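You will see two complexes here that share subunit A, one where it goes with subunit B and one where it goes with subunit C.
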Partner chain A sequence: MIAEAGHYALVLALGLALIQSVVPMIGARTHDVALMNVARSTALAQLLFVGLSFLALVTLHVTSDFSVTNVYENSHSLKPLIYKITGVWGNHEGSMLLWVSILALFGGLVAVFGGNLPLTLRANALAVQAWVSSAFYLFILLTSNPFLRIANPPLEGRDLNPVLQDPGLAVHPPLLYLGYVGFSISFSFAVAALIEGRIDAAWARWVRPWTLMAWIFLTLGIAMGSYWAYYELGWGGWWFWDPVENASLMPWLAGTALLHSAVVMEKRNALKVWTMLLAILTFSLSLLGTFLVRSGVLTSVHAFATDPTRGVFILLILCLFIGGSLALYAWRASSLKQGGLFAPISREGALVLNNLLLTTACATVFVGTLYPLALEVLTGERISVGAPFFNLTFAPLFVPLLLALPFGPMLAWKRGDMVAAAQRLYAAGIAALVTMAVLWAWTRGGAAFAPLAIGLAVFVIAGSLSDLAERCMLFRVPLSVALRRARGLPRATWGTVFAHAGVGIALIGIVCESTWNTELITTLKPGDVAKVAGYEMKLDDIAQRQGPNFREMVVHFTVSEGGRVIGAMAPSKRNFTTRAASTTEAALMSRGASQLYASLGEPSANGGIAVRIYHKPMVLLIWFGPLLMAFGGFLSLTDRRLRVGAPKPAKASRALQPAE
Partner chain B sequence: MTRRQRRLTMIGGALLVLGIAVALVLNALRDSIVFFSTPVMVAEKHIPAGKRFRLGGLVEPGSVVRGEHLKVTFKVSDGSASLPVTYKGILPDLFREGQGVVAEGALDSAGVFEADTVLAKHDETYMPKEVADALKKQGHWKDDYGENAKKAGDEKAAEARQGKSVTQ
Partner chain C sequence: MSLWFLLALMTAVAVFAVLWPLGRRTARGGGGRESLVYTDQLAEIDREVASGLISPADGGAARVEIGRRLLAAADAEAGSTAAVRLGWRRAVALVALIGLPLAAGGLYLRLGSPAMPDVPLASRKAASVASASIDQLIGQVQAHLEKNPTDGRGWSVLAPVLVRVGRFDDAAQAYRNAIQYAGDDAARRAGLGEALTGAANGVVTADAKAEFERAVKRDAGEAKANYFLGVAAEQDGRPRDAAAIWRAMLAKAPADAPWRPVVTAALARVDSGKTPVAKSQASPGKGPALADDTIASAKDMSEADRGSMIRGMVARLAARLKQNGDDVDGWLRLVRAYMVLNEPDKSRAARDDARRALGQDEAGLRQLNEGLKALGIDG
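And now, the complex of A and B:
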């Protein structure tokens, strides 16, 4: 009954989306307020019904109703409750349902908080949003229905892929989808603006909070996914340049560019045509990511789907939306008036450089991800493009980006003074050079690359801090005045400082981890001691344990440093009976920002066990950096200028709504 | 600067960055991509020793020998040819005899494939896609590869059910 209700609710949501995709548009054409307002009610009703449909699937999973194919294939009655819930999106059908639910959620948010938007823009944007929803509802209903029943219900389910039975699954996909799908808002606004043929600085001000929100979620989602892979897969890697990872990195790069170009558009009314294009491209890359992951064209732990009809369907959606929006762009963009002249050396110029480098970096990731697919289609030859490719293309493009980063905020709008900016960055430059020299001396004989890269990171961090110091006139006025000035700075400025410093911090983590990582792979017997990076790990015993739906072998280590015991580590290997699969559960011990990492291999014949022990210096900074970036984004989002300053539509005079 | 000069500066800068990026990509594509082969393709193509490639196929049943210091040797076969592989380290969780595997490395002078990475990226049927495609192409694909894995899962489910009724 619940399955049928969930299915029915989804069909109703499709119906509502179809109405929403046509009626408000007619309203916007004929200036009929009643028709335009249909968008608002249908968006909310759609959210309600998709929400119900999603809840129905959650209920089916929680109650282990194995008469539903989706539950039978991905659940097990003995599975812990949290994995029964997260297992809802740990499979193709359920994750698509989560995708459309989040799409509807964003539509609903625009409907509720879009009170300050011009009526036609809101109507058109919600209609475009509904086109996307309709396409994906059809996709789910026609090719990936999660509510299908089995004629002869089995007594027990086949359990969820053991790798996915982890708290990471509770957080990573929803965050990632909030990011991916959140970019649909900027897409819808761009297409709506192109349809209307009218666009101004106010547009950027309306769109920026939504873009920022999506960007924050995507940043967190990618970082979370990376940390999950790091501790779950058992070999301590945190980024593999896997096509699925690239699929989330591309919208992030384009979205980061969009955030920056929207600033130029808002402040200076320039780069309008380019910002439109970025808004379209960012969501197109999100759709491409969905296609790559969901169609099963890639070999990956994420590609559960191997049904070709699904791939073709998503490919159609992809071509329709990307092709359609780009055609519309080509047709209408030339009619948009350009404004706001600026010199190459200016804040705008710096942001253009940022955009140029980010989109080019994005393009290299695109080539590296899709070239193997294209080559296979054309010649049948199979190749793999891995880390070496991206190290040779992506990294060189990020070096000038990071070098230029501290200069951007120091330059004035319209026409900047490079010499003055460089003078203000004196301290940061010296800090970077000193860091390089010290590291160079300390790691004599080591790679020259690491001190240089860390110096660059220090330059980025110190550069952001000196921007802050400049703005509150630290050391030039009494400290109390400087502090008062700091408090008075707009939150967006603080946000910029945190986000930019986050980039530098992540870079330090990346460089330290990849340069000074120590690895030890060996066979140990109870009583043996392994020595890694100054730590001694004594293997105490090897024990067996029964979990809810698995058996595990746990190995207990006592870790000591210089003869003093500092803690215990217990990596394990789990055997999931239902799927006849095993997973490796690594044990982690944090020492400051560094970590000790232990994971298990096969037991050997003589009573020992193969273990893999790593010491990863500064590894936590890799994820702390993105956290800081997201925090910076959040600070900007709470900036009052982003909401109160938004221009009011001519006739409405009521208080403006926050855009969160 | 006039409007025209400014525009030219911008376009020039953009082209410069794009040019550098294209050069980087072409250079990287020449040097750092890795081709995929099956044992029979290795025999036909005479891949020189030391050239990196990815080897895919099935782990030949009974061929896995574990030696000292985590050394493992096994044979990868695709039905018509097989190739000995050595690897030192911990094999992925899903590595097992009779199942598909993808290893990355190079041939040594004796014609043994020295793998430095063994990939564990399997879907739920324990068959890497490259391997499945290659086997299909060479006509060695048996439809029951995927089915067997499913059946195994079902049998296990049945066992688990029995286990459950016992404990109750």
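And now, the complex of A and C:
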């Protein structure tokens, strides 16, 4: 009964979505309040039914009901409870159900919290949201239905892909989807505004917080996915420029641009039409990401869908929404009222530069990801565009972005003063130069770019901090006054500081890890000692162990530094009989922000085992940076004030400081 | 609570969600207005100036800007009014009341299987503790054999169990390993043949037949091999040879041989089915293969034997009907056989095939429909 009720709930949600996608629009056209309010109640009912449907699937997985094909194919009765639950979204059908559940969740949030929106805007936006949901409900019901049954239930399921049986997977997809799908709100609002033919101030107020929320989740999701790849795949790498990773990076880059242009729009009523285009592009890239991962176009861990009908269906959805919204934009955008003006050197100008660089970076990733696919379709030739391409194109775009980053917050709205901003960044510049010089001296003869890049990172961090110092007038007023001012600063300002510093911190991690990473691949026998970066690792024994649904070979190491034992590491290799697959479980030992990383290879004939050992300096900063960015975003999100950017008056005295 | 009640309840909630706002009296349905945002912004500027976050001069400039926008927005809002469109509302209510349940119900009935109960593991474990524990045992033995792949005795133990649970491909591999490590003997060769037959859905393939022949060469009295050689002969269309093999078996067998009923039943089958078409038309109840008593007698056989036997028979019947489609009783038997085998899809397909094959034959069609009704598959 649970399976069938869940199935029916999904069908009902489709019915409601279809009503929601038409009725409110009629209401908005005819100015009928009741018809427009249908959007609200149907959005909530949709959330209820999709939620029920999702809960039903979770229950089926937990009770191991193998009469449901999806459960049979992806679960096993001996799997630990947590992986029975996460297995729900560890497969194609279930993850699509999660996708629409989150879409319905956001629809419900708009319905609940949209009380202060103009009625027609809310009705139209929810209707657009319902178009997207309808398309995806149909996709699920017709091509990837998780509730199909097997007449003769098999005794045992086929188990979840072992690589995915990991706590990282429990949070990575939901976070990523919250990000992807969160951008649907700004998309729906943009399309609704295009349909109405006007962008009002309420629109501008709404887009930034919702974009910010999606951006926070996407940031966390990408960081989580990267960390998962780092410790689960056993290669010691954390970013592979894999098309699936790029698929999540593209909406992130576009979303970051959108976030910044939304600030301009909210505060200064400028850049409205451009923000709208970014909103459409960002969600389009999210859809593209879904397409790339879900259609089976790419063959990787993530592409568990290899059914061509699905690919064609998603491609249709993609063409319909991206093509439709861009066509609508081309048709209506020119009739929209442009916003305020600003001088090139101003906060707005800096944010435009940020937007240009971010969208260009996004475009390079787009080309690098899709060019091989296009080439394969056209000529049948298979090429892979890897790290070298992205390092060559991505880095040159990010260097000016990071150089300009500290200047942005220092400039005044409408018309800024470059010289004054530069003066305030003296301290940051000096800090960066000193860092470079020290590193240069310390690592003489090493990589030449590393000290430069770290200097840049320090510049970004120090720049953010000096922005903070400026605003609370540190060193110019007594410390107690400065502290009071700091407390009085809007949380959005603190958010900016944290997020920008996070970028610098992540950069330090990336540079250190890729420049001073030590790697040792060797075969060890019990009793052997491996020496890596000043650490000695002694292999104590190789043992076999039985897990709940796997058998594993565990190798115990004792780690010592300078003769002093500092801990033990136990990497393992797991064999999952049901899927006849094995996974490597790397062992990690953190020393400050650096990590020792050990993962196992194949056992050799003479009783030894191949081991890869890495020492990765400052590697944890790579994920600490994004965490900090997300925290900054969160701070800014909790700031419930209205955002108004006071313009710099044309002839104001220089002593006055611009502020939030 | 029955499923249908639950589905009806859910439908009611969905319909209500659409109707509710339509019925409510909303004078000016709330909603924010653009001018409100600007007045809020003005208030915010005042607060920021008061708390010293921006200078009074900056605040003044901002106020001028916002005031200009406020005026424009207020002008635009003056023109808009709310309206009541009763015609549209009635149409939407109708769609919700009739269209939504019909569409949802229709789509669900196409996609769902409302008749199927849930089969959570807990309930199934209670129902068949034996099979569940067999599964665990198999797992343990397999794990053991993974570490000691040359343990011939282990493979010999595992192989027949795998046949029993229907994992024929694994079973065939296990028998091959057993033959390699524990020695070649008649029983293992016959077992391998049985596994291959099972993997081919009950058809004795050339490979399987070769194994049975090898088994008989080693031990002429090997019962399983002899039985399946009979089945092979029957499937090759030589029922007389099959009968001869089985008679010889029965003649030599001790009275309490466990496989006696199976062979007797098989013999009865070929004896009565010498001219299957003619005879079945004469007395439909006692048609050749697939009468209930045959299936019942097969209950004593091992699961695999029975499954392969029945499947073999069904496959032959289906093949015959494909060549000669105007045998109404044959079609009915096929439909029923698929129902007994718990394969409703195939049974439905057989029904459709029957209709197509009978085509113009109106009397035959009527007979078919009545028979289907009697089987509980309505026309």
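In the analysis below, the second predicted complex is superposed on the first by the 638 of 660 C-alpha atoms of A that agree within 3 Å, B and C clash if a C-alpha of one lies under 4 Å from a C-alpha of the other, contacts with A are read in each partner's own complex, and residues count from 1 in each chain.
The definition used in the following text is that a residue touches a chain if its C-beta (ideal position, glycine included) is under 8 Å from a C-beta of that chain, and two chains touch if they have at least 3 such contacts.
Not measured: the values here are computed from a predicted model.
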Partner chain(s) touched by A:L253 [first = subunit B, second = subunit C, both, neither]: neither
Under the stated touch criterion, which partner chain does A:F389 make contact with: subunit B (first), subunit C (second), both, or neither? first
Figure out whether A:L353 sits in contact with subunit B (first) or subunit C (second), or with both, or with neither. first
Does the superposition put A:L411 against subunit B (first), subunit C (second), both, or neither? neither
On the A-aligned overlay, A:S64 touches which partner chain: subunit B = first, subunit C = second, or both, or neither? second
So, does A:P153 touch the first partner subunit B, the second partner subunit C, both, or neither? second
With the two complexes superposed on chain A, say which partner A:L212 touches: subunit B (first), subunit C (second), both, or neither. neither
Could you tell me if A:T577 is touching subunit B, subunit C, both of them or neither one (first, second, both, neither)? both
Winner on subunit A touched-residue count between subunit B and subunit C: chain C
State whether A:V33 touches subunit B only (first), subunit C only (second), both chains, or neither. second
Quick check on my understanding: which residues of subunit A belong to both its subunit B contact set and its subunit C contact set? 155-156, 577
Sort out for me which residues of subunit B touch subunit A in the complex. 1, 3, 6, 9-10, 13-14, 17-18, 20-21, 24-25, 27-29, 31-36, 54, 66, 69-70, 89-91, 93-94, 104, 121, 123-124, 128-130, 133-134, 152-154, 156-161, 163-164
Interfacial residue positions of subunit A with respect to subunit C in the complex: 1-5, 7-9, 11-12, 14-16, 18-19, 23, 26-27, 30-38, 40-42, 44-45, 48-49, 52, 60, 63-67, 77, 115-119, 122, 141, 145, 147-149, 151-153, 155-156, 200-202, 205, 269, 340, 488-490, 551, 577, 641-642, 644-649, 652-653, 656-660
Subunit C contacts subunit A in the complex at 3, 6-7, 10-11, 13-14, 17-18, 20-22, 24, 26, 28-34, 36-38, 40-41, 44-45, 48, 51-55, 57-62, 65-66, 69, 73, 80-85, 88-89, 92, 95-96, 100, 103-104, 107-108, 111-114, 116-122, 124, 131-132, 135, 139, 142-143, 146, 165, 342-345
Listed in rising order, the residues of subunit A that touch subunit B in the complex are 76, 78, 154-159, 161, 234, 298-301, 303-304, 306, 341-344, 352-353, 356-357, 360, 363-364, 367-368, 371-372, 381-386, 388-389, 392-393, 396-397, 521-523, 573, 577-584, 599, 601-602, 604-605, 610, 612
